[in-house]
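Structures are listed in the sections that come next.
Shared between the two complexes below is chain A, which has chain B as its partner in the first and chain C in the second.
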Partner chain A sequence: MLGEGIIKGMVETARNFAGSFVDEDRLTTVQYPEERLPQKEAARNFPFLVYDGKDPEAGLRCVACQICEKECPPQCIYITKSKDRKPDHAGKPQFFPAVFDIDVSVCMSCQICVEVCPFDAIKMDTEFELSTDDRFGDLLQHKEDLARPNTYFQKLHPTDAAESDARLAAERAKAEAKQKADAEAKAKAAAVPKPSPAQVSNVVPALAK
Partner chain B sequence: MNSEPDTLTLPEPKSFELLPKGIDSNQAGDLLEVSMGPQHPSTHGVFRMDVVLDGERVVKLKPVFGYLHRNHEKIGENTTYLGSMPYTDRLDYFCSLTNNWAYALTVEKLAGLQIPERAEYIRVITAELTRLQNHACLGGFLLQDMGASGTPLMYAFREREKILDLFESLTGARMMCNYMRFGGCRCDLPSGWIEQAKQVVESFPKFLDEFEALLNENEILMTRTQGVGVVSKALAVNASITGPMLRATGVNYDIRKVDHYGIYDRFAFRVPLGAHGDVYDRYMIRVLEMRESVKILQQALRDIPGGPIVDPKAKLRGFRPKPGEAYGRIEAPKGELGFYLISDGSPNPYRYRVRPPSLINLTVLEDMCLGHLVGDVVVILGSVDIVLGEVDR
Partner chain C sequence: MDQLPITFKHWLVEFAPAEYQPLVSAIISTAAIIGVFASLFALTTVLERKGLGRIQNRYGPNRVGPFGFFQPIADGVKALIKEDIVPRAADNLVHFMAPLVLVAPVFLALAVIPMGRNLVALDMGGGVLFFFAVGAATELSVFMAGWSSRNKYSLLGAMRAIAQMISYEVPLIISSVSVIMIAGSLSTVRIVEAQAGYDGGLPHWFVLTPWGLAGFFLFMIAAAAESNRSPFDLPEGESEIIAGYYIEYSGFKFALFFLGEYIGMFAVSGMAITLFLGGWHAPFEFLTWVPSYIWFFGKLLTLIAVFIWVRGTLPRLRMDQLMNFAWKFMLPMALINLLTAGIWHLLGPGFSRWLICSILVLGPYWILGRALFQAKNVGKRIYQYAE
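Take a look at the complex of A and B:
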């Protein structure tokens, strides 16, 4: 019968329409921005810099190695290395970024900077409402705008954060063990009795020969 | 391996004649040149057609593209191998994971990397999910072009959303996934992902039944699509058309079957073939392909093994394949997607070339449209399944 197919289709539409009042599966939209879906753990949008402790300046993990600047596909990271050094989380003196800027308008959130960073210093945020009315000022984010505490990272990506924390803790433990070993070696060297002046006087003429 | 035949022929459709056959317009009259696009809503992006009309019928059609040109290939030659990976997402922005796979496959050929078993399974699963969402949306868009404004498209988008949620929990992004790496994948599946994917795949045939009940026997759909935009077998082969458009003409050529890339040999699935090469066949082929993809997904999600997900030899930084060239291709949802790379041993490719399926499928647009009405041009273009990100690159 002509028109049978159309009627069949209409029945399907009617079923969906009526179903949307009772069936969760058929009503899939949420009323953004009042209502929001929970973010996925893997979600990524724009990078941020991680710092340990309370002070964003002192605890910043970035050592300005500039690997992310080189690897960034759209080249949106700008880093200037510092002249002097400051101790990193394991107490080793390291350079730090005097300038670390990321251009929001160029960044394509590909996560390659995060993958190549050997220091767990840059991570992906999940914040997606980045719009601003200042086109030139606010779209270039500086070190101060990008710095976030480690606790923030732990909250966003618990699995990743646990991994990186474990890695960093191992590094710190290694550094501490080395420091201890060094100290012990020094102590040992100090404990060895100093050669007597007589012996020294014997040596010096020998060298003078 | 499987006893059932390798291909699947479309059942002979019902047909209707609602409209009178075209009026013979041999009377002398002026020709009218119309520029359709680039801001026309039916051109799927910024695509323009210069159409010369005799009354309502097309006598000449010239596709004009390049409005979305972003210098993809030149950028590919100026960034590292890894740096091009996120750019491939933006070729065919509906199917970023198949683009990733094609590019990764080519670089793996170039560098001689081995892909672990688990990564191969993950690649098949993500590629078939991509195919499902692409074909579902194509059906919706095609019907939108025919005037079924909204309803089928929204049903398709509802399903697509579930698949995009899976992509987001796996790769972190819904569309620009940037997931595959040379020698494997970026990260392992999060816990519970397989169960979620199984759920989505199990509920997909229900959506297909609904979609088919909604439209397959619709008389308006049949009259608008049957016998419209016919491509003959010979023309399709000569114009190197690939993908569902080629198979709609009845040529049995599916790269998953003929090129044996990845691990597609292990799965039992059939290749749907059309007989007429018209818009209706192209639409039906895609519906049937979705059912076959569901079969592949069920097998892959059942069999996926554990193990590493990336070749230990693969380096993320300082990746320099030895000098040479490679061409890698896969069956993307739109057709054969190929990458051609020449390496000179430096961190950047010396030559980086993309063979996009939708650009090459567009070359027969004029042959398909000649003699048809302006309204049919929109439908024919919709059935080619173009994404301008890939056409213009």
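Take a look at the complex of A and C:
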């Protein structure tokens, strides 16, 4: 009979209307500024620079290799290499970025900088409330704004952080072992009587190998 | 308590000198109508948005004020401070006049609707006639808006609006003619009086008769089409022609269109209450102590809730479906209903008129429904090349 479908539809909408007051599960809206959904572990929005220890200046992992700057598709990273070197986490002297800027308004959150970084120095943050009322100053984040401690990274992405920590620890162990071996070799070389100057030119290339 | 608004008005009028008293009285009535219905409009917009939200399992507006009830104030402020853009090619005068031509008649139409015992601004002998005559002026404004904007979408919207409004005006008026016939008067006050009294616990409302029920439904469907409400909102058709005839309106002119549309809905709902739902009469005898205007506005809000409910349920009709429905279903049903009302009157009280009139209402409904709207089984569509 004519009108049956309309009545069926009206009953359905009435059920939705009444149900939304009774059943909390029906209302899927998350009222954002007050309510927030917990973020997924793989969430990403904007990169940050990781540093070890307490001091963001001394512990910064970045060695200013500029791979990320070259790989960045929208070219939002700007790096100036330092003139001098400072020891990295494994004690090896490395360059460090004198300037490291990322433009929030240009970054497209692709994570390519993270993928290409051989030093686990740049990672993705989940922070997404980056809006500001100063579009020239505040949208360009500098080294100091970008630096975050490793503990922050461990809290943010535990799986990724564990992986990168293990890799860095292995590197450090290797470096230490090498140092030890070098020290031993040096000690052994010291034990051997000093050769005459004529022999040195032959021995040194062999040692270097 | 029941006569409070009237005594208050008389008390106010007393302050004016004798020769100005009729004028002051008219101004007070007008101001009251504009004030009450404009605030009802504000309340309806927020309730509609909240209701539609709940139907779709959303919250609806809940940011401005307690539970979002100050939303209309925010909307009003926004509409007032927005830039008023008039297209360069538009006909300036007509473009400016169109919203006014819409708003003025719908407020005029409210003047003849009795909102309580003795609570009517204009007790006119031909009240119903006045209502429909004034209501027809909205069509002019819609076409003015559509034509003067010099925009294809607005012209399309206006053409749809004219076709729709004229088609649905016919069943709207014919379904109300049956009430006029039975009540024997064109005056809205007389029609409400004709529905006074109770019989076996039930009121003498026209909606509680077979022809009245059918007439009420026909009237409400036609009223939804007249006020461009969903599912008959083709003239606006946001998803097809963006906003139809008021696409080129911005700021407060747009708000006036919005206001006019809602006031039109209130007016036509008020007319439905007057004609079929017993006006300001209480539904049960033991509730007659409640002030009459509370009954009227309660019924009005109920009808508005039904409009919102329907809007939240039904999708928009297609133009050919709209026209078919008007001319092939609504018009014959309204004409048969007119005949049924006559038969009801001539048969006199008794069981036989209930039976005969019920058959006269349900029979054509069933037959027309079967003949026009039965789903045609065309079988599985076979694609020659696509698969």
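In the analysis below, the second predicted complex is superposed on the first by the 187 of 209 C-alpha atoms of A that agree within 3 Å, B and C clash if a C-alpha of one lies under 4 Å from a C-alpha of the other, contacts with A are read in each partner's own complex, and residues count from 1 in each chain.
In this section, a contact is a pair of C-beta atoms (placed from the backbone, for glycine too) under 8 Å apart; a residue touches a chain by one contact, two chains touch by 3 or more.
Bear in mind that the values here come from a model prediction, so they are computed numbers and not experimental data.
Looking at the shared chain after the overlay, A:Thr28 reaches both chain B and chain C.
By the touch criterion defined above, A:Ser20 reaches chain C but does not reach chain B. In the superposition on chain A, contact is made by A:Gln111 with chain B only, not with chain C. In the superposition on chain A, A:Gly3 makes contact with both chain B and chain C. When chain A is checked against chain B and against chain C, the one touching more of its residues turns out to be B. In the superposed model, A:Pro73 lies in contact with chain B only, and not with chain C.
Within the superposed three-chain model, A:Ser131 lies out of touch with both chain B and chain C [touch as defined at top]. In the superposition on chain A, chain A positions 2-3, 6, 9, 12-13, 16, 28 are in contact with chain B in one complex as well as with chain C in the other. Within the complex formed with chain C, the residues of chain A that make contact are 1-3, 6, 9-10, 12-14, 16-17, 19-21, 26-29, 31. Chain B meets chain A in the complex at residues 16, 18, 79-80, 82-87, 89, 151, 155, 158, 161, 165, 168-173, 176, 178, 186-187, 190, 210, 213-222, 316-317. Of all residues in chain C, those touching chain A in their complex are 51, 54-59, 309-310, 312-314, 365-366, 368-370, 372-373.
Of all residues in chain A, those touching chain B in their complex are 2-6, 8-9, 12-13, 16, 28, 40-44, 67, 71-73, 108-112, 115-116, 124, 159.
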